[in-house]
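Written below as structure tokens is the structure these notes are about.
Chain IDs A, B and C follow the sequence of writing; residue 1 opens each chain.
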């Protein structure tokens, strides 16, 4: 039975993730226990709020080390929203803060990427576009139409150093930013798949499927 | 400790609250106001053996026992009797353009095809929202109206007397308001007068509810000079030298036999149509340009009930003093019966708002009745029945019994 | 330009959906969870649940409704009405909601906005402003569900809440709401021009032209609908299609 661990660090809309996993039919546990996490078939790192606050909470429970250790096992990992951001090297929100550095790159405010942004946070349904160099087959995006709508609410976005990791781009105010990433077993979604209606639930379902496939070897 | 306090107004000595709504057994029934004299005993709302008030009982009956299709047929038949064929007015609708009269007049005209003339006995002191809604009633609602404003000098003196003698400042107004319908009907040769709600909704004698026709005693008499206004007879006003009989023209109730002979009938629409004050609000907004007030009315949570007269809050403040029943209790009681709020919520609201003093128009009211603040409070305090009010350790007036059982003696 | 969000606003009292006019009146129009699921299936972008009488009774009591709604409905959910403490917000988020809408508490203690936006993040904090027109281009903010005037000018207040950390503003015109006669365009224009956080416009929609008119003449980011949906005057599909025909971007 595929078992997914949702990281519990007192931040993030875990209930939404739980509801989504129940809907798509998955076993899960909300935990910060190291062996439960390391032994699971898949890990979801949720998150809502400020980067520095998130990272300090992870550190408080030594979850930063555990997640890094888990990732080394090459088992599937999914970071949603703030969870995706924390996978990166550092963020410039409220001063520079170091992240988990599982994916090399910086988190920057959407504004600085392009000064023609008018409204922040970016709160809206927006289309995610399949990149030319990374097909969605066999990823969490499998089965989605390119330009499916997902729900975004964020002020900061990732700039991966390596373009190959960009799993989807999204356009906001005439500027394209990275809306999801894939680096081997590690996935990140800037948007909230658990809040993006049926298309979002499909992503969650795909992630569970990937965990199962990995478990089956 | 149970003490037997003196009880004013002939009210029941023991204060009780209805088990279903939040009214108390001190609530007076409607009276023939121009017979009202100082020191009279009040008839009050009836409570049955289960501790439920008659208005709640009536409401249950209304919910279950009445076939409104049958009542509608009765209405159609009634209206057919009076409908004019020559474009003349065929029904008088007394009211101010508040939600209830707005509903009544508009419905009669636009659903039932009658030709109503609305008649307004002017508020003592119009509020801005009151004038606005009144005009919208005509402009948006598409109705005709006569606004009848009685001699202010006399009306003010009557109101002053009513306040000091009866602690019932609205008494002269109520007299005029009840008379104007039938009086105008007689003058225009219209035979049907239609009011909105039946007072029994709120606890008058149950027999009145099975009768669509308003008791003639409310608006007719054979002995005009003995009519009392503010507890003072018309004869006494005239004897004072300040007024003549001519000044009383607006208040002279039509002669009973005259009314009977001219075939005037006064009905309640609430007998024929299932009455829901909140639905009247929605209807009025959607059809007659009615707007709720932007502020909560003092003494209650409501924003759309009776908002056109600056003196109105003092009517309710005096019911609080005499009967321990404030405005919020009246509003909440009605909404509990109509299933808009639960009894628990009503209790909460009453506790929160019932005792609130209507400060906004206090100075206007004092000026209107030519009374100083000291005089005002002296009269108020003289009318607190000892069985309802007592003083706490700091010397503040407090209710002995409240709906939440946290009064002085609870 | 963002896609405009079409939001359903559901006012709840004692487990019933109610709909008033000018924020007054408690007429029952349905059951909250049923309506939420229906709108979700019809393609609504977000749902806002307002506890319609929390102001009266000093409490917010929607958690059991939110809890159930979040199991069936996978779009963002905002909850408002009677939110006074950090614990209130925590409870609502724990039930599965994404954002909270705050009005009365913010007016009485503006620093509450900065406090909770630090704890939960700005994106979680929607500032609800109930506006009543006072004179030409001047509106006053009301609290306690449209009952008490605050003395605050709406435009100034909107700027202030943004500076304190609010993530969005839900702007309700008390004059227009429930009337189905159209939005208060001047109000929406004035507020959306002075803030750079998203503005949700609420109050007044009666037909599709009203909505297009609003979006073409102001820079609001979202529209909250109540009467038109609850009384089934319009369908979500037809609203969105008409907007697309009018060259307004929405999620289809």
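Quick note on the criterion: a residue touches a chain if its C-beta (ideal position, glycine included) is under 8 Å from a C-beta of that chain, and two chains touch if they have at least 3 such contacts.
Model, not experiment: these values are computed from the prediction.
In summary, the chains found to touch both chain A and chain B are C.
When C-beta pairs in contact are tallied for every pair of chains, the largest tally goes to A-C.
When chain centres are defined as mean Cα coordinates, B lies farthest from chain C. The central chain here, found by comparing per-chain C-alpha centres with the mean of all protein C-alpha atoms, is C. Between the CA-based centres of chain A and chain B the separation comes to 65 Å, rounded to the whole angstrom.
With centres taken as mean Cα positions, chain C sits 38 Å from chain B.
A straight line joining the Cα centres of chain A and chain C is 28 Å long. Every residue of chain C that touches chain B in the complex is listed here, in rising order: 14, 21-22, 24-27, 53, 56-57, 132, 142, 144, 146-149, 174, 178-179.
Against chain C, the residues of chain A that register as touching in their complex are 13, 15-16, 19-20, 22-23, 48-50, 118-126, 149, 151, 153-155, 172-173, 192, 194-198, 200-201. Here chain B touches chain C in the complex through residues 278-279, 281-282, 285-286, 291-292, 294-296, 301, 303-304, 335, 340-342, 345, 348-349, 352, going by the rule given at the top. Residues 1-3, 5, 40, 45, 70-71, 74-76, 93-96, 98, 118, 120-124, 167-168, 196-198, 221, 251-252 of chain C are the ones that touch chain A when the two sit in their complex.
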